[in-house]
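Before I ask anything, here is the structure I am working with.
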Amino acid sequence: MTELNTAAPGLIVEDYRSRILSGWLSHNACAWEDYTRHEFVRKLGEGSLPRSVFMAYLIQDYIFLLHYSRAWAMAVVKSETVDQMRSSAATIHGLINEEIQLHIGICAREGISEAELLGAEEASENIAYTRYVMDAGLSGDLLDLLAVLAPCVFGYGHIGLTLANNRNPKPLYREWIDAYCGDEYQRMCFGVANLIDEVAVSRLGDNAESNPRWIGLCRKFGIATRLEVDFWSMGFRLG
Amino acid sequence: MTELNTAAPGLIVEDYRSRILSGWLSHNACAWEDYTRHEFVRKLGEGSLPRSVFMAYLIQDYIFLLHYSRAWAMAVVKSETVDQMRSSAATIHGLINEEIQLHIGICAREGISEAELLGAEEASENIAYTRYVMDAGLSGDLLDLLAVLAPCVFGYGHIGLTLANNRNPKPLYREWIDAYCGDEYQRMCFGVANLIDEVAVSRLGDNAESNPRWIGLCRKFGIATRLEVDFWSMGFRLG
Amino acid sequence: MTELNTAAPGLIVEDYRSRILSGWLSHNACAWEDYTRHEFVRKLGEGSLPRSVFMAYLIQDYIFLLHYSRAWAMAVVKSETVDQMRSSAATIHGLINEEIQLHIGICAREGISEAELLGAEEASENIAYTRYVMDAGLSGDLLDLLAVLAPCVFGYGHIGLTLANNRNPKPLYREWIDAYCGDEYQRMCFGVANLIDEVAVSRLGDNAESNPRWIGLCRKFGIATRLEVDFWSMGFRLG
Amino acid sequence: MTELNTAAPGLIVEDYRSRILSGWLSHNACAWEDYTRHEFVRKLGEGSLPRSVFMAYLIQDYIFLLHYSRAWAMAVVKSETVDQMRSSAATIHGLINEEIQLHIGICAREGISEAELLGAEEASENIAYTRYVMDAGLSGDLLDLLAVLAPCVFGYGHIGLTLANNRNPKPLYREWIDAYCGDEYQRMCFGVANLIDEVAVSRLGDNAESNPRWIGLCRKFGIATRLEVDFWSMGFRLG
């Protein structure tokens, strides 16, 4: 596993060293900016994000993680090798046993039980994103699925690193940032980056960009990224 | 097949004579009102709906029909009897060979080719609805799928009948209304009503309302209905 | 749609004029021979196939067609264009409304009702084949699915044409042969051939054989062909 | 988690204390006997099973575990609660990280590398079983899937316990037996038993046997059990 260099925040996205991811990003530069530099992200980093907005987001993100884990389970269903299966299964484990503890922990301290989280009404922005991912997995192959799973994995990894050096005083937001810039999460990013490149070679060949599917994959990555933008905005709408 | 009585518009929904559908409707009376008496529907009936709003809706609805047909194909995949398969396959045929011609025909006269329709960007309200339906089908059984397919089938049938006697002068909207109050479409509604009741008996037994799944099915029907409300509102947002 | 030339039986397989199909066939020449020149096929053509073997096969083939139609419905689920959807939907229609009538009709005359057909225990050879096809569709993309749907479509088309000029006297077998060498069925073969080539271009590019998936697709076609061989042998085992 | 009582081998199956499982077993008593007292099992316990038969079985079982893990991933896809997801995800982990090590370890010592395992041709008995399971999951709901996943989980648990006190001298078979009568595996059995009962309550209600799906679920459990019988026989066919 490649070592993570957090010393060069300007190169963050490239640090995951996935050629395929780089291609998808460069085709969706504007959407990626809208997503990773969204007002929600900026205010979270500065500490000026209203607590109610953050909590509204966090509750929806709990529900998101359940469906997102289901989508990674779909990646296991669609795997063609043991290594692909193990990699996706490890991601499911990271999501439903580790990442989700962040949400459960914060919510518990804010007086929201896991039962309440489960009973929360799912926002339409949440439905749109998670079900789009599931259906891309059902209708296409593993690579189509990875293209729509990627924006969440790497966007959060990227944002975590970007905000890591931020000196915002709010412990609530610090905890969130620490989770996503932490080793555990960043290791998952590298694992997924490796998986994407490996699957791309097996489905598209060495010259992925010249395969007729390339534009469609870029477009799917772009749609999922746009749905991430809507997800941040949802925080303000609900909070 | 039961004869359709268009003489009693007040009883329209009940006319499809599905006990299960009636149950789902009575649990979601408000959402059903919001959907079937939406401003979009009222203005369509009166003829006061801006043409641009209608066209924006129609283009999205073309894309909707493709994914909705995929969801009915999922119903074939999940069928347990030949009759269920034939019924769902007939619905796919009705959707992609007949209903969609309405959209293609109107758009053609408005100068929008089918290629342009296919190239249109899918709105997030469209993504949310169609992918929610697909995923409900993937994650549950045939009955779970039918519960989320139902609001579109019967809502349009209901609206078609409600607006049938309307004296609005716009031929553009008249054509739309005629399609949904027409025999072909109404027959499809009866077919789907029969299918739902039959599948419900086979999965829940004779006393569906006392099965532990009942509330969950009502809720899924309600979510799909709410996503239909968003779909009408999308017309105004885009148009 | 290309005209069918039944005058050149020696070129039958090539007559469907699918470059992709030709590639899959040449990679699986032995399995294809085992399948299309199986003892069952030869005896059917000669009229020496025991009636009990034929009936045992036909009953299983009725169940096969239901699951095979479900698999074509999966092709609709996985379609990326309206034309792909229409083509697969037409195949479902041909299977569950036309081809299956052959089975129902023959069985009825032999004193076996459709209810009895539905109640027949599914043989393990049948389970292996149909579920393998469904899972290839679930785990891969539309092209992976078409690779395993193809052996049945074209094998039966090929066998129908091969046996067409046979002078076997048994009306029971003549009816079967006529169905598969008939225009309706042969037209379906051409439609599927077109679909395969079109989907292959969209997923692999113009030079399909140099795509890393090529060998895997050939192998899947080969496994499905081998499962067809087992299906014929099942007739003798059960009959 | 209930403590396992290995002192009462005659009550073994009941020891998992799942009411639903007990029901499925009593409806399929003969098939269950054929499976759990198969010649393969008996000879494995006595130590008289030819090594070549065992190795042929083990290689196929390695491939089986990959597809079986994919089917448990499908259970995550179809889960409706976090606990269901966690339970199924833990089973995937147990399968692809622990149980499979038994196969890899034994094969390695016998001179068969994991690459060779992956390259082995999948037997039709293997295809029939694993793909039947996957398709039951796709076409039905989580409970339909669990009904076909159950025979493998509990059959191996039952056989492991039955053979535990056997004094056969072959270390090769001892290792296999130890794995399945071991705590790790037995704990998984209890977890799956709990999951089944919980899902059955949520889908069928408290009186599962009176639900119209009950017979169908019993039948599916029975088909999967019969496919397990074929799997043992496959060992003799190939070995």
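Chains: A, B, C and D, in written order; residue numbering restarts at 1 for each.
Definition applied: contacts are C-beta pairs under 8 Å (C-beta built on N, C-alpha and C of every residue); 3 or more make two chains touch, one makes a residue touch a chain.
Everything numeric in this text was worked out from a predicted model, so none of it was measured.
The chains that touch chain A as well as chain B are C, D. The greater number of contacting C-beta pairs, out of the two interfaces C-D and B-C, is seen for B-C. Set against the Cα centre of chain C, the chain with the most distant centre is A.
Each chain gets a centre from the mean of its Cα atoms; for chain A and chain C, those two points are 43 Å apart.
Note: centroid distance chain B to chain C, computed from Cα atoms, is 35 Å.
For this pair, chain C with chain D, the centres built from the Cα atoms lie 33 Å apart. Multi-chain contact residues of chain B (touching two or more other chains) are listed as 70, 77, 79, 134, 138-139. If you draw each protein chain as a dot and join the dots that touch, every dot ends up joined to every other dot. Those residues of chain D that touch chain B in the complex are listed here as 77-80, 138-141, 144, 201-205, 210-213, 216.
Chain C meets chain D in the complex at residues 70, 122, 124-125, 127-128, 130-132, 134-135, 138-139, 223, 226-227, 230.
The touching residues of chain D, when paired with chain A in their complex, are 66, 69-70, 73-74, 76-77, 79, 81-82, 85-86, 88-89, 92-93, 96-97, 100, 114, 118, 134.
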